[in-house]
Every structure is written in structure tokens, then in C-alpha cells.
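Everything below concerns the one structure shown next.
So that you can tell them apart, the chains are marked A, B, C and D in the order they are listed, and the count of residues begins at 1 in each.
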Amino acid sequence: MVVVMKAGATPRQIEGVVAAIREFGFSAHVSEGLERTVIGVVGSASGRDEVMQAMLALDAVDRVVPVGAPYKLASRVHQSARTRVQIGPNCVFGGETFAVIAGPCSVEDEEQIVRTAVAVREAGATALRGGAYKPRTSPYSFQGLQAEGLRMLAAAREASGLPVVTELLDPRHIEIVDAYADMFQIGARNMQNFELLKEVGRSHKPVLLKRGMSATIDEWLMAAEYVLSEGNAQVVLCERGIRTYEPGTRFTLDLSAVALAQQLTHLPVIVDPSQAAGRANLVAPLARAACALGADGLIVEVHPDPPHARSDAQQQLRFDQFSEMMQDVARIAAIAQRQPT
Amino acid sequence: MVVVMKAGATPRQIEGVVAAIREFGFSAHVSEGLERTVIGVVGSASGRDEVMQAMLALDAVDRVVPVGAPYKLASRVHQSARTRVQIGPNCVFGGETFAVIAGPCSVEDEEQIVRTAVAVREAGATALRGGAYKPRTSPYSFQGLQAEGLRMLAAAREASGLPVVTELLDPRHIEIVDAYADMFQIGARNMQNFELLKEVGRSHKPVLLKRGMSATIDEWLMAAEYVLSEGNAQVVLCERGIRTYEPGTRFTLDLSAVALAQQLTHLPVIVDPSQAAGRANLVAPLARAACALGADGLIVEVHPDPPHARSDAQQQLRFDQFSEMMQDVARIAAIAQRQPT
Amino acid sequence: MVVVMKAGATPRQIEGVVAAIREFGFSAHVSEGLERTVIGVVGSASGRDEVMQAMLALDAVDRVVPVGAPYKLASRVHQSARTRVQIGPNCVFGGETFAVIAGPCSVEDEEQIVRTAVAVREAGATALRGGAYKPRTSPYSFQGLQAEGLRMLAAAREASGLPVVTELLDPRHIEIVDAYADMFQIGARNMQNFELLKEVGRSHKPVLLKRGMSATIDEWLMAAEYVLSEGNAQVVLCERGIRTYEPGTRFTLDLSAVALAQQLTHLPVIVDPSQAAGRANLVAPLARAACALGADGLIVEVHPDPPHARSDAQQQLRFDQFSEMMQDVARIAAIAQRQPT
Amino acid sequence: MVVVMKAGATPRQIEGVVAAIREFGFSAHVSEGLERTVIGVVGSASGRDEVMQAMLALDAVDRVVPVGAPYKLASRVHQSARTRVQIGPNCVFGGETFAVIAGPCSVEDEEQIVRTAVAVREAGATALRGGAYKPRTSPYSFQGLQAEGLRMLAAAREASGLPVVTELLDPRHIEIVDAYADMFQIGARNMQNFELLKEVGRSHKPVLLKRGMSATIDEWLMAAEYVLSEGNAQVVLCERGIRTYEPGTRFTLDLSAVALAQQLTHLPVIVDPSQAAGRANLVAPLARAACALGADGLIVEVHPDPPHARSDAQQQLRFDQFSEMMQDVARIAAIAQRQPT
């Protein structure tokens, strides 16, 4: 990192900073500019945060600028080859194909989830989503069918052949969700639920890690680092819209972050246009855009009868809408040198 | 709620919306404007979210506008008298006094926490803070002393007489934290960890609920509603800065939200200037501002030797800085018709 | 619009609101809910803002919700057929083709702009961009060649056959810019420079109106309304990234807003990936995404030698990079039922 | 500035960067870390932006970190003594007193502005505000009385003795506004209207420079630099709320930025709570907070009859509300070692 001194820092203050750097086991390279002195700090990455904060606590220090990325295992500097994550027979993230996870916001009953699974598979999806444990803004909203929902997802997997992706909300549910799911989803609201990240890090199951609604790319990759550092290398990142001042859409889909994350990390990065837009009629354009950009896949909400859905009715696609969207996506994927399986 | 139809919606589409509203057990009042039809929806608040989303899933509907607040128990409409929350003998939130919780970001060792507790009490603080379980952006940063830290907090309470406020991160820790703390803190990153909210809602201990870093005021009050709806009425809200585009400060302290929340809810609202600013030299001005605004109290980070702190070194006050800040706050509190105990 | 009364508003207060509504020449439809009264306000759109603000100044009013859009001429309700804007022989916005404006950030000398014009035409661009008057954050940065730059742009048009798009900063420059440009560009920083909007509204030349960096979609369309209401119907909108908390990119490209704006207005909407990303290596992925989404075109920064550019060196493409990008865009445009001319 | 190379940059690439730095007339100090090389760039500040952008255009460069502030004349490094700006006999910004500018959003007629001027002076205000040229989001909203409004402001100055602060929107109006105003106000939407900034920079009249609604502190100080660099040293900064995701208030008042700006610049910094909150009932708490924080003054909207105001009715105070607010502010100013004149 680089420590920028305040203009007018005295030699004594500079010496104090150098001494503090050495106290942490790092070495210091002082370089004087016309107006300010800058001190390069060289040493092992562990303890990096502590040194940065300690420097900032010193009066004569103006700013501290990190030089490398704060994450290691998630970085392309650490691993240049792209990670491939496979769930089920036909769903690969980070390979040559374009993976599409589809299904309802919530599992509502067995018929609903089974019909949807079969329909999305017919349209070209390679994995099934469906919420059994639901994080809801209001305590009075439908909270999901929970364990019963998980059993229905298993029935839908049986009927469709699609692997199941479902959300894990609470470390106390990990055993039961692990028994039914092929991939753990960590939702945006839990991206910095570090105890939960450590738990899925200790499992051997792929993890779909959604970006928090106000997380920076660095924080998102640090959340992945929590999972990787516990020994689980099977992480897929998912951009799902960030919070901005614009009220016209539920969130603002940040496709630049997808392209940039793919440069910074070897992990696959997919896109959730349904959560981002919060409006069914924006899902297809955003899905096409994500595919043309070069994202590794999509997760899309599909429901047999959206106006009667028990959650997020406004953003789920009907089967025919999803099918039409998939045809466009397939043609774009072909150009983007991807095949939608 | 009010359903706004698209311009050009046909009578048949309007009838369809009315039928859908009745299907949910609500009644519909149609009113035609020059360009658009608007439909008032009247009925019980439960099922409100579901109706809203179902309406949005209909093609001819442009927007749905909620009329009342989404929260009930937290609302001043429900309870006009302000809630008072007391912890320990001298610390009251929502009364005539201005409550100040102070202490280090993390508990580091017994001497550190005991010295700090005594020092902040001398300066006028009425409760002690200190993190035992720490949510850290990086898995490589200090994660807190955990159970051992809790025991040290108890020793500091013994030495100082101050009640203890400490963070609960994981529902599996609730028993042990309950055994040592006088108030549970729910951090910004867990404001929508709904399973955790339900757990503290079932306890009988006061809860300090921080605003999520990108939570709206409505979402913050809905998080409080989770706790209240489980039966625990002892909730204190805390504004701690929101995420904006401005890079000069760690977060942007939203004092307007404090004043507005005090109009919307009967729960006390305090301010955390340390987390918001992320710089020790902004803490005192923001603390004075919060007091003059009419906030119900503060939570401030104080450390015996900030440059050697194991976390957030840059934003913790030294004892002398805290003491000076408290003198200014006391004089402003006197004008604001509050007494700092 | 709909006026939502506070819970507990008295009959007298409700009557006061009704009287105030009538005073403005609107009629009022009162509808009582279980907890709150809602009043529909019906009447002509002019005076709408004044009524809204007056209602908000009354004590018993909780909120006022607009029902229709604030813009008229820009709305698809007003005109359902999409507007086509043509500049030069081959550049149409809003038709079946995908329009691409390309060129350097700033005009630097005649050779630079002529070479670039020829090169981008070869690669498939249909219009030339180049800044003569430059809005720069710092007074010490290069401010553009001004009138001389305009003459060089004309030389480049002569050499390449491409029409010229260039920024107008100041109403006092309108005559000279009008003499050289085929399309006025109004930059993001001037989106709410209403005097400037009125000026270009009185001209007969097409206008490229960039979205302000923190403008909502409604505000952007209201800025277009300023131009339209003065009599100039030739407006093309351009999304160029909004300001968010994410530091990894210069701005956050908001493609959802492009898709949504195309539903709300009949005006063409194009995308500027260069300004948004602020990094050359993100321009091509974002350009592909914009095309697949269904945008009406692009504006892209291209320079013969980016590291020696006098402004925005980091985000300009080399000729070979632009050419490669255009090949991908052409293939996607073909699928998106667009032809890049 | 400091250039951070990508991990894995080759010696040849590093040499290339060093050569490019020298080409600009700067010198380069190379320092190798464990993983990355960092290059310090030393030299005169002019050309700084160009070097930064050129570095970013080089493939092997990861990031460029500025070391000093981008502004010079506005910086406390350049001038440590605080600037005092005086308008009229009793209104000083940046001195020991707390300055309060008050008056209506818009000048509506002579009686309105004269009555208001007298009333706010009685309550303790030391300057009068009132918009004659109004920047309005909608072309259909009241655009101000313009030249006639200026004459009414002069009449109000005559009647009250208060100096007049009014907005300048267009460089073509500078002569007439100069003839009537005691201080030019540059509004938030024009903070980066650089041609306008240069014009007021060339005048000899004090300037009130509002922060743009999404401007960083650095950009705000750079806008001040435009005025200062043209020779006008009489600049007062004004924070008026920034755009965030929170819908509960019109803007989010950023008091942290006020405290931070006062550390970075010698120019006075005042606060506009009316524009920020957009609700009359939040103005007084925010005004108290701004005063306790240590701001140099306020600008507040006051109207004889807010529900009948022609603009911003919802956020203007009545005379009695303003008077009550001023009493609280005076008591806090006394503690904050300021006297409200």
C-alpha cells in the first residue's frame, strides 16, 4: 500500500509513520514529492487491513491507498484459468455454454413447481430455481413453504432432470437444505452474513453468491473469498441489481460490474434480470444484453400464472414469455461463442 | 392502495382489475380521470403486499401506490406515545435524557475494555459498547475474541457499573450473548437477516437495530416490525450512515432520516457518528449535530490507543477527545431540552 | 393526482383540502379507506406541479401521488409512433438501422480528426463525434480548440462524408456551432441547463440529449420536453452512465433505463459506453449489450493514439479495437432485427 | 501521483511507463513490491490530469492514484487563514457570526418580497434570498418574474436593509443580475456550468456556490477553483442535499461533507436545509444540526403563505416557524462560539 502524508508533515512525523510501519513487520520506502511525501509499504498481505487503519489513525497521514486487491484466492492473479462449476448433468458455469437457471420466485405447491420445471427445461433452462425459505421485507408476507418446499423441489428435479438451486438463509438450516439442493444460493441480503458464508465454505456443494444490493465489486469478491478460504472452490457470482436513486426500476442492473468482475476473478459470473428490473417486461431485453456482454449465464423467474404468484408476481415471466426470451438468447449466445447447452 | 391504470386501458381491462381486487377480499373504488383511471383498493392490511404485486403483474396496470405505511406496530398511528427503553440504572432511550453508549470497536483484552469503560463513564457515557463477535469484510481480519470477549465485557460492567451493548451475528450465539449483554446490537449488515430478527424478537432483552447501509426508512421500520411482531417491544433504532457516491467519508450520515423516523415511529432513534464518518476528526461535529437535531442518543467508538486498535483504528476517539466531545454535547443537550443523564 | 391524507385527518381538514383543490380549478373525488382518506384530483395537466406542492404544504396531507407522467410531448401516450431522426445521408436514429456515432473525445488537430473520421466510417460508423468546446472538471485541463475545432470538424465531414455531432455548452455559442454541426449534443452536465435547452428547442437542428449523471428517467424526459415544447421535435436521448456508490467504473451504465425509456417515449434512445465505463476494455462488452438490449444506437470514443490523447485517454478505443467491436455489434444488430446501416 | 502497475507487468512495460512519464516532463520513482511495482510521479501540478489519463491508457497500468488535491487556490494548503466574505453591512460568512440568508423560493410580487424581507430581518436573518430566474424541472412550471423580480428584490432591500442573494442561470443575464444583486447564487444544476463559473469569476461580486446534487466534495471545490482562478476570491460554498436512494426526503443533507469541506478549504461553507429536506417540518431540526456542527451559516426558504406559493410550497416556512427556528439556532450558535450577528 501507499501512505500519502499531509502537505506540511514534518520529518519527525514521517519518521513516526515509518516506525509504525516497521512495528507491523512491513518495510517502508519514503519518496518525497514537491508538496507531499509518499511512503510505499511492502510486505506480506496478512495484516494489511490493520496496518491501513493504524496509518489512518496517525495525525500526519492524509490517505492510505491499497495497491493490490484485498482478495487472494478469488483473484485472477492467484489463478488465471477460469473456474468451471458444474451442477447436474448439463449445467456448467464458466465453460463454453451459457447456463440458465429458471423457476418461480417461491415454491407454492408441488404441481406448480413440477410444471414449471418441465416447462423451463423444454425452453432450454439447465437448472431449476425455487425459494423454500424466503427472506421477505415484511413479517406479514408469505415466508415460504420451508422444509415442505424443499421436498417439492426434489420432486420437480425427479420429474424434469434439472438440478435444484435454492436459497439458504440461516446456518441452522444447512443440513436440511444440503439434503435437497444441488447448489446453495446466498441471497443479496446475506452477502455479508459472514457466519453463513463460512458454513457454506465448509460444505462441498456449489454456491451461488448474489451481490449485495449496495456491495462494491471488491466487497462481493471478499464475500467469495470467505467461501473459498474455508475450502470450497465452487462459487458462482451473480449480479442482481444495485440500489441507486432511480425509482423507475426496482434496482439498477450493473452490467459493467459483470464485465469488470470477469477481468478481476476466475469465478463464473451470471446475471439475475428479474430481481434487478422488478418488471416482467424488462427481463427479456436485459437477458439478451447480459448474454451479449459475455456473462456466464442467467437466473430468471418463471411462473405458470404470475398474477396469482404468492411473491414477486410483477417480475415473473409466463412460460411463453420465457420460451421466446430463450430463443433470442440462444441466437446471441451463438455469436458470443457460447452455446446455451 | 391506489391502482393507476395505463392511459388507454379498456373498460374490460378495468373490470379485470376490479375482479382481481375482489378475489383477494378487498373492495375497489373506480374513479376516471381525463386520461387515466385510478382504482382505490380498500380492505385489511394483511395480504397487502400480495395484492400489490398481483396488480403489477396485470398488463393494463401502470403503477400501484401504497396508501398507508407497511409497518403497523412500529408506527405512530398505532402508538402515539414515545417508547422508552431502559438498560441499566442510568441509561434511558426515548426519555428526557440524551443517552450515550461508548466503547471500543472490538474488545481486545480485559485491561483495554475495563479502562475504557471507566473512562467513558467518567466522561458521561451511560452504557458501554464493545464487539466480541465481529463482522469483518475480509476473512483475514481480526474476527473478535468471541465468548472470551463477552466475559471481559462482563468484567468491565462490574468495574464501571455501565450496562453492556454488544453485537449478535448468528442465531446460534443468542444464548451466550444473552447471558452477558444488557442489549443486543443488530448490525447494519444484518438488518435484513430476518431469522436473526425473529430470534431477538422472541427474547425479552432490548435491541439496538442499526439501519442497513442501503436501507430505506420504510425497510428499517419493517425490520423493527419483525422484532415487535414477535413480542419484543424494546427496540432502539440507530442511524449509522448510508452508502452514497461520495468517497470522502466512509458513509453519509443521514440526519434527515433521524428526524423523519422520529415522526413516523414511537421508537427511540440514536446516531452512530463513528461508523458513518470513518474518520475520528469528524465524530465530534457530527455528534453535536445529532444532539441539536433532537436524536435520542449516540453510540461512539472510544479506544485507549487508537493507532494500536485491532479494528477501525482510524475512527476511534481517544479518551481526551471523547471527554471534550461530551462537554459540548452536554451543553447542546441542555438547550435541546435533554439532559445527558 | 391522488392526495393521501394523514391517518386521523379530521372531516374539516379534508374539506380544506377539497376547497384548495377547487381553488386551482381541479375537481376532487373523496374516497375513505379503513384508516386514511384518499382524494383523487382530476383536471387539466397545466398547473399540476403547483397543485401538488400546495397540497404538500397542508398539514393534514401525508403524500401526493402523481398519476400521469409529467411530460406530454415526449410521451408515447401523446405519440405512439416512434420518432425517426436523420442526420446526413446514412445516419437514422429510431429506424430499422443501428446508428453508431464515433470519434475522439476532443478535436486536437486537423490530421487527428480527419484520420479518425475516415477510419470510423470504414469500420461502419455513420456519424462523427468530436468535442470543440469541452466541459472539464478542472480549469487547468485542456478546454478544447473551440471555433478552430469546429472548422476541423467540417474538414473531417468533407473528407469522410459523415455528419458531425458536437457539444454546445453555452447559449452564446449557438450560432457558430449551428454553422458547423449537423446535430447539437447537450452534455450530461447541461441536461438541466434549461436556458440552453430552450435555445436548441428554437433551432431546427437535431439534438442529442445526454442523461444527467444523477437524473431520473422522468427528469430526462422532462429535459426533452423543454426542447420539444419550443418546437424542435428532433431529439435523440443518450444514456451515458449514472453516478452510484461503485468505484470500479467511472459511472454505472443503466441499460434498464434505456429499455424503460423506450417504453415511455417515442424518441430514439442510444448509449454511450465510453463515458459510462471510463475504461477502454469495458467499451466493447457494453456496446454489444446495448445493441442486444435493443438500443437505437451508440456513441463511442475513438482516437488514433489514445495514450497521447489530450482528454479522456483511458477510455478511447484505437481504430483496430473499434473495428473489432463493430463486427460483433453488426452480428448482434442483425439478430436484434437492426442493420448497422 | 502514484502509478500502480498490474501484477505481472514486465520490466519492459515498466520502462515504457517511466518513459511516458518523462515525456510529460515529470520524474519517476520506481519501487518494487512483492507482487506489484509502484511508480511515484513527481513534478508540477499543471498537466496532472493529462498524465493520469495517459497512464490509464497503458495496458500494464492497473490504477493511478492522485496524491495531492486537484484544486490549488481553494485548498487550505494554499491558504490556511479562513476566507471572510461580507455582503451588506451585517452579513459575514466565515467570521465569528452565524449568517442566515432567508426569503421565498421565488419572488412573486412586490408586497410578498417586501413583507418577507422585513419579517426575516426581524427574526434575525442577515440577508434576503428570492428567485427571479428559476430553473424548473418542467417547462410548464412558473419560470420566475425575471427582470421584474430583480426590481422587486431591490425594493425589498430598500425596505429592509438586507443585502440580496439571487440566482444567475445564464451568462447572458449577468449584467442585469449584477445590477440588482449583492451576491450571485449559482444553483446546484449549474455547479458544473463552467462558462457560467468563468463569468462570475470575472466579476467582483461574492458568489454563493451550491453543491451539485451528485457532486463529490472534490468536484465542488474544483467548481470553486474555476471562480477563484478567474480572480474572484469571494466564494461561499453551500451544501443543499445530495441524491441518494432514500425516497423519504427530497435529497439527503450531507452534513459530514460540510465538516470535511471546512477542513479542506478556507472558504466558508453554509447549509440549505429547505432544498435538502423538501418538507417544512424537517427544516428546523436540520438547521439546528447544521449550526451545532459548525457550519458558517444557513439559507432558508420563508414565505408569507406557503400553501399559495408559486414554487416549492411544501418546503417553505411561515414567518412564525422561521422565527421559532431562529431562536433555537441563536442559542446553539452561542455555544458553538458563533453569534448570529
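Basically, a residue touches a chain if its C-beta (ideal position, glycine included) is under 8 Å from a C-beta of that chain, and two chains touch if they have at least 3 such contacts.
Computed from a prediction, not measured in an experiment: that's the story for all the values here.
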Which of A-C and A-D has more C-beta contact pairs: A-C
A-C, B-C or A-B - pair sharing over half of the B-D contact pairs: A-C
Centroid spacing, where centroids are CA-atom means, of chain C and chain D in whole angstrom: 26
CA centroid of chain A to CA centroid of chain D, Å: 38
Cα-centroid distance, chain A relative to chain C, in whole angstrom: 31
Chain D: positions in contact with at least two other chains: 214, 243-245, 247, 279
Interfacial residue positions of chain C with respect to chain D in the complex: 20, 45-46, 48-50, 53-54, 56-58, 70, 135-142, 169-172, 189-190, 192-195, 198, 213-214, 219, 222, 225-226, 229-230, 243, 279-280, 306-314, 316
List of chain B residues in touch with chain D within their complex: 214, 216-218, 242, 244-249, 252-257, 259-260, 263, 276-277, 279, 281-282, 285-286, 288-294, 328, 331-332, 335-336
Of all residues in chain B, those that touch chain C in their complex: 2, 4, 7-8, 29, 31-36, 38, 40, 42-44, 65, 67-68, 77, 243-245, 247
